[in-house]
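Step one of this worksheet: look at the structure below.
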């Protein structure tokens, strides 16, 4: 089983019927809430399956973020905690510099498409090596 | 070119009023240059004149941060100077933090350029390096002449809107700002030259230093706990409900001291967690999971420890810049020493 | 393994009937090239436009940049395994290059991607492609073509046209021939026993749509670290599919003309022993990062290297791979130098990377991408200004009425590419 | 913070959840905490159980304070006093 934290409805649409994935859908217009939610899971011993900063789009550009986290709990994965904390600090800073603009629906669809493609690569890789 | 007007901020010691016993004096004003201001005036030469000096005690400033800063800025505003100097504070921790706070307030509230000076180990450096020009100084006032000369030259450049050079030329502490420039050679060639030096063990200069922290010698052990007074400090953001001191949930700029005398356990309804860096539900359920008051009180009652301090000290750890965290500790360590605390247990989330 | 590069210096380019070169003037037939592109039914329209250094021209959005080359003798063709080319081992024989020219694919794929090349003004200082004679293919997708499919179509169109133009140089006598030798490791080690053995770890962008690189046509997400001869890069074995974050993008052109390979070769046999290139990827799946960085350290050890230079492409996700590679290679007792760009925020005060290890004590900076500049208006536009304000580095109000653009240099193609081709750097103030 | 307390002359033990960060920040005596959201507790145990492990942790912290050390030391359960 794996946990997929996302605020991207296209990602939910694509992976909702997948047996080995629990989806935590977040309602937020930027990626911080998804990052905080993932961080709280890492603090309890879950570990990252995909990197929080997928894609070269900066946190104040793409509103969407999907992160895959392990369902099983082992002891604290210190490197992953450090990684997500640094991503949160960077996202807070860049959103503070300039909040996410209001995009047209067409553009939002493009952002959702890229986020969906990147996380799907991670999910397929995880399924291939039947991550638990 | 008309002479630039300068105001100089110093503490009780450098104003010759007195040492620790005079650290409580509130802000006051003197005409012209005082103490180190004399050497500074000489370094400024004909281009600028110190028209007034503001003096304030380090303890007064530390304990009345907001009001002291307001009063000092008011005095400086009255003079409408072109340039402000604070310190130099060398390695005096509380004086350094005061010099940084005043200089920052002057720049942000009055838009007047300000320059100060501190030794690298002064916590004021890490706290204010990103906001201010802080000239590197030696440990003590022995290096006064060289320090004020660098402060004067940097100050004059800033007051006359001249281009300020990089840290190594002007002698100020690296501010941690990444500024672009055009190098002689392209990056790939610099990389090849750097790997050759590193492989041969020759000296080279990295272009992006990784963040790191200095080391401190460990303290000798506490031998007899039955007489020791122990205090709890936490960066877990535990504060009384309603957060009276308005401590921020991250990048905290202050800390709180909260009374626990007479309490056997942390009362869940009187205390809360405001920390932005972790899932607070568990702490809210039982505050002792962050501040172990229940166990410490048992140890005190059983005589395993002499005394538990009547208060605990709290701030939020996440995002708090290294500088501020260090400055807090400088501040409250003085109080711990005054209250005879011999050991501290620090908990963090 | 020996590859001779025959440079044919092109001084000017013009459109005309016949595609040919004489005395440094390249003439190309736009109709022929457009017709070739339109053979792909996923592409609706194709136009060929020229842009020359110093002209008042702005090209945007730019998808990829490629250099016209042709293999004269030796196995295979340029760009093996992509754009319908057969898969054959390249990197030997002789390859002619139309030096000074570049082919650019221009036009929108998604709303926010890709950036600007200005041929003059301050913007021109920040991109290597303001100094090349640019043959721009302005493309438009057929309605209803899905994004993945259209990205492939645009990529292939660029590679095909670049090959056609490269053919012109097949029977020319080059103005300059440089030969690059690459021998088996024992031979290299014996040839210069006293020189330090240096390797180059080339991290390829490999995260997904618009974030991909292809090696002999294989999507880099699917590779595990492997050893390559530097001469294979010169024959286009590595092709870019990356279209996001224009400033740290490494277009195909910079894989064909890798500055680190050039500078390592320039000192080979004199100050160092250039042992070869280890390619690796930057996958989103964390276990892939562990596997790949283990592979990089193992290969570096097996090659008996004394030191490596590691370059990356992108920001955030790749920073973790960069640091893992650094930590694991240093753990093998092999020294590392990292080449990276920086994003310390508008005020330049926050952390430039999203990862750090204490072993990373030797870093070369390619500049910070958050610097804001104002590029003057240009008389001619190739492409469209439609998306300037949603491109990376652009923001509301970037495009001024007079046509000038105020934006972060992130919006400029290869302004801070962490492969080290530019002189832009950043230092601590 | 921990360094300035020690520099002021007061021995300090850092009960830290993420040991590598505690090491980087310069703490000399470090006792690994139980979990990030509950450094001195464990919600999966009952009240009694939780107070016991909290007591063990605090006692180990006091022992750490009472142990002479030369450099940074992590007093985890493998450490023999």
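Here are some notes:
Residue numbering begins at 1 within each chain, and the chains themselves are lettered A, B, C and D in the order written.
Assume a contact is a pair of C-beta atoms (placed from the backbone, for glycine too) under 8 Å apart; a residue touches a chain by one contact, two chains touch by 3 or more.
These numbers come from a predicted model, not from an experiment.
Between B-D and A-C, more contacting C-beta pairs join the chains of B-D. Chain centres defined as mean CA positions place A nearest to the mean of all protein CA atoms. Here the CA centre of subunit C is 50 Å from the CA centre of subunit D.
Per-chain CA centroids place subunit B at a distance of 26 Å from subunit D. Subunit A and subunit C have CA centres that are 28 Å apart.
Inter-chain spacing, taken between the CA centroids of subunit A and subunit B, is 37 Å. Counting partner chains per residue, subunit B shows two or more touched chains at residues 212, 278-279. The set of subunit C residues touching two or more other chains comprises 347, 351, 356. Subunit D has residues 17, 36-37 in contact with two or more other chains. Within the complex formed with subunit D, the residues of subunit B that make contact are 93, 123, 212-223, 225, 230, 233, 235-236, 278-283, 285-286, 288-290, 292, 294-296, 298-299, 304-305, 315, 322, 325-326, 328-330, 333-334, 336-337, 341-349. Residues of subunit A that touch subunit D in their complex: 40, 43-45, 76, 78, 81-82. Taken together, the subunit B residues at the contact with subunit C in this complex read 130, 166-167, 174-192, 194-196, 198-200, 204, 206-212.
Here subunit C touches subunit B in the complex through residues 196, 198, 259-260, 262-264, 267, 271-272, 306-309, 335-337, 339-340, 342, 344, 347-349, 351-353, 356-358, 360-368, 371, 419-429, going by the rule given at the top. Those residues of subunit D lying in contact with subunit B across their complex are 1-17, 22, 24-29, 33, 36-41, 43, 50-51, 54-55, 57-59, 61-62, 65-72.
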